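Take a look at the structures below.
Each of the next two complexes has chain A plus one more chain, namely chain B in the first and chain C in the second.
Moving on to the complex of A and B:
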């Protein structure tokens, strides 16, 4: 029986595994090989240069700036997105007025969940272009709103000032992602038996206590999943940066991220392409992502809360 | 319910992946395998066929479909007429660097307009010996007059800009003229005139500002380098064309020449006095230029492509025209008519192409006077064909002013090439320019940052160096 079970699994996985090897494993291995060469990408001349590319990488100022920005993203993006996602999910599902002892969502919660999810349905490219317009210092709604509420928007524009540009793109990413996590946490909340909330309500727990003592611990699994997903988004972050600030050097590299720097080194029209060096950046990013995944696996090994 | 533990499964999957590694390694070596040397198509050399084109060999041309959007129908017809057996394919493309796999596998097209934001930087192709030497084209008789060589029909600087350490690799077909662009009707309305001296220009800026305009426009996100051209043109006018030659040749202290410092100080004033378009640091070139044609900006430093680029959004009666960048002082080394004129749109013939001679022949027909004039009429851009530029009758105000400025400048045109040769240095200088315009750097700091970038490039042995005269 045990033997048959494996054959069963393998028969299902052969095709996807083959595709995975062809399109994921093989390019990764090729990148690793090219990272030890001086290949331009165009020439048929390839010389192995050992660890030269990696030595250059360590001395490359822009790479470190990009890495620092990724680190900021890695912390800020998941924390803010998850916090907002949890808050909205809680308000929509259990944070509303109580009918007797039954906790319900705010009025119009169905409408809100649709609205929150809507940005997630749009492609990142569309969103980035939309927000470029919204941030425009020449009459965009965001600076106008800021001025209306008494906050002076920077004269160089939110995307034109090194102090604000990164936060502006993070804002867009949060806006894009939060709807998905509202839905994820809503599903998580649905799995929590109502009587738990009722019992808490009968014991006189207020909304904060309910949230921090009951909702959050019972949603912890979902929160961890969200951390992994958002961490991966934070380590990539190519699309939004490339569309909203295609030339990060114009704003002191304040929005440069590793994936975009890699792209610049391989595909920019201004700099001689260096596929070998770009591959080295890619390999570095690969190991960073792997490390993050490993750390996450370790952290999430925690015991589940059993609900009987 | 299958109860394989997720972790155990993942571990096994990873191990399985490792087994495939050697196989992938073999595939990697396939990806870059070349097909070896190509047999060049060759025909009989004759008076009618000076380049010895094989009249039956197919020809594949890639044009840039982003800005100019022409596939040279007249040239195609002329080529087919001369080589009746040839199948000519001309295809427009936007992302020229998507030809990368064809270069890597030694199967490139015969002629490419390597232009646009996704162009292939030529240094890479020169370094890999992947570009044909276009010397035979320069020495071939021109289409219009067999007694005149192609070389002698070209605008000065065309050979310089396309040469890499003495070998001519790229024919830059379009002559881009840089200057201060403005709306003639707007200037007429206010009774303004474009000043010839910088101090007068600053006075005009003050007037424009009090009239509610942003005096000078630029786009910080992706086009701060237009202002670099303004700065370096002023420096060249002040100190002579050698100022730019020294910068291109990475001579020690080239950016610290007094003329460059003076020009940087002038640009710094624009930022310090608040004469730049507010918010320009966050704008891309099309956004900022749209503000300009909407009449919110007085002067926009730009090149002659702007007229065609903004055609669809420019209101009727805007009448954009250009005039040369102002002189820093009346004792400048070059006259105030001096212009920055640079051949652009690099047409290249890959050395591994099947029909190298055909690629050059197509270029020879492009350089015929009538075909160059047809190009100018279609795109509004001048070419590097001298006779065509003089003969063409401009249909737009922009082209008219460009042609007049070029005539007034005569021999006094300048250009720089380091932006094409040294990408990292160019990027660093553009970053410094963005900082200067946003007030994050002073003129001195700008010069220092550029000099540092130049020194870094000069000291880096991995960067191929070029020289110009």
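Moving on to the complex of A and C:
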């Protein structure tokens, strides 16, 4: 029996563990090692160069621009998406008929959640292709609409102008993500006991007071989760950039992000591959992710409200 | 949406003063509907535009973006499927995703079951090893991963993608399913063991059926993320057309488009690639929304 048990454990764990170690664990460890080498991919010769790649990274202007763009994304994407998500979730849930003083939810609330959510399920790659066409200066619906309301779209296109390109891709990411957060916050709202709102209404609180003093603090857990998830998206952002602006260097790197910069160092085909350097960028990205997680955890941890 | 109607009052005579504040809410409801319907239009319009454009003759694609097609060209889809290789990409995607999904579900339930229900040395370590995969960005691994796959001779192959998709789906799946197996009661499994059922028999005949709700949630999540995967095929296929999946293939197609391009076929291809996701969503929409949210809050 005992013997049988261990044989069973090993037989069930061997294959998943093997695959995982081979394709996930070992590449991550190798990346760390390669980041200390000058591996270029063209010769078999690999030399350890200590921290040279990291020194080069600190002096690399494009890397800093990419980092700055990630920082912009890291602020703008969560703030805008969460604001819209909260707004729509709140409107869906606090509108509608009253039972006593508490809203039962707006009519059609299921319809709205279902429609808002759908873009979230589509591949970022597909929606990036779609929106690139929609932004097309040759007659895409977005510049046409802008012209119709009296705003001149840039002649090189929204994606072809350094001033607008980053905002154009951020818009796509917001459009893609909002629905998920509407549903997330709706679930959070549903978990708040109704009598809390009832008590506030009886005390004469208006909707704004209720929202900022009661709803938002009680949703803080969900907002925290949203920040982390959107932060992860903001630190990646590869697919949108690679498809919508495949050559950020042509628009003064205004849409370059760290993940895409890493990819071009290793796989673009336009330059000699620099695997060692790309690995160092990967390690930097990992520490950025880790820092983000730690910061989010600390910042959002206080101010949680316990419902007794 | 239509103007909301006040609910029928049950005791109309008793509380006349309260009627005034209730009426006052209704205009705000209408305003809410305007805001929400506005975003609904923003959500749907680009997709609708893609669908309508997919039926247009090529020269109307950018000529009049808001107009309906002068004639509905169904043959765009045929051209996309055959000439533009969308059919090939579609078949590749189905093969890779179904293979990887089956393998992921089999391996992750096996690993999660053992980790959740058996005591042995290194159990916790292995659990955290799997879970730690959630913290590492794929970009860190992607360069060495390319060489691991190349050295195995698995670049531009379905098998290579299937194995790699599976490996990268394991951290989330094992993590989630381990938690799920821990919540299942012990008694049934113990009874089966006493009745002489083998450990593997208990797993396949007793525990798997009991774990169905958790397995379905994880499978749905994995299906969508695998169907939508872009970075891994891009790196591991290197734009090899005969093994490209939809996301990669469409991006490739768009990048190759010049001024005399077949735009309507590109749009038809986009619609084709969105369809399976739409179908899955229509069937499982509640489960998907709830499952995604529950997964996020874990």
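The criterion applied here is as follows: the second predicted complex is superposed on the first by the 267 of 308 C-alpha atoms of A that agree within 3 Å, B and C clash if a C-alpha of one lies under 4 Å from a C-alpha of the other, contacts with A are read in each partner's own complex, and residues count from 1 in each chain.
Operating definition for what follows: a contact is a pair of C-beta atoms (placed from the backbone, for glycine too) under 8 Å apart; a residue touches a chain by one contact, two chains touch by 3 or more.
Computed from a prediction, not measured in an experiment: that's the story for all the values here.
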Does the superposition put A:202 against chain B (first), chain C (second), both, or neither? neither
If you stack the two complexes on chain A, which partner ends up touching A:156: first (chain B), second (chain C), both, or neither? first
Now for A:135: first (chain B), second (chain C), both, or neither, which partner does it touch? first
First (chain B), second (chain C), both or neither touched by A:58: neither
Is A:294 touching the first partner chain B, the second partner chain C, both, or neither of them? neither
Check the contacts made with chain A and report whether chain B or chain C touches more of its residues. C
Touching partner for A:114 - first (chain B), second (chain C), both, neither: second
In the superposed arrangement, which partner chain does A:252 touch: chain B (first), chain C (second), both, or neither? first
Once the structures are superposed on A, label A:4 by its partner contacts, choosing first (chain B), second (chain C), both or neither. second
Touching partner for A:25 - first (chain B), second (chain C), both, neither: both
The intersection of the chain A residues contacting chain B with those contacting chain C is 5, 8-9, 17, 20, 25-26, 30, 34, 136, 138, 246, 267
Going by the contact rule at the top, pick out the chain A residues touching chain B in the complex. 5, 8-9, 17, 20-21, 25-26, 29-30, 33-34, 39-46, 135-138, 155-162, 245-247, 249-253, 267-273, 297
Chain A contact footprint on chain C (complex, rising order): 1-2, 4, 6-7, 22, 25, 28-29, 32-33, 35-36, 39-40, 42-44, 46-47, 49-50, 62-66, 107-108, 110-111, 113-115, 118, 120, 126, 129-130, 133, 135-137, 139-146, 148-149, 163-164, 166-168, 170-171, 174, 198-200, 203, 224, 227-231, 234-235, 238, 246-248, 250-251, 254-255, 263, 266-267, 270, 273-274, 277-278, 281, 285, 288-290, 292-293, 296-297
Residues of chain B defined as touching chain A within the complex: 2, 4, 7, 13, 16-17, 20-21, 23-25, 27-28, 31-32, 34, 97, 100, 103-104, 106, 116-121, 123-125, 127-130, 220-222, 224, 278-284, 287, 291, 419, 423-424, 426-428, 430-431, 434-435, 438, 440
Enumerate the contact residues on chain A facing chain C in the complex. 4-6, 8-9, 11-13, 15-17, 19-20, 22-28, 30-31, 34, 84, 87-88, 91-92, 95-99, 106-108, 111-119, 121-134, 136, 138-141, 144, 175, 178-180, 183-184, 187, 221-222, 225, 229, 235-236, 238-239, 242-243, 246, 259, 262-263, 266-267, 275, 278-279, 282-283, 285-286, 289-290, 293
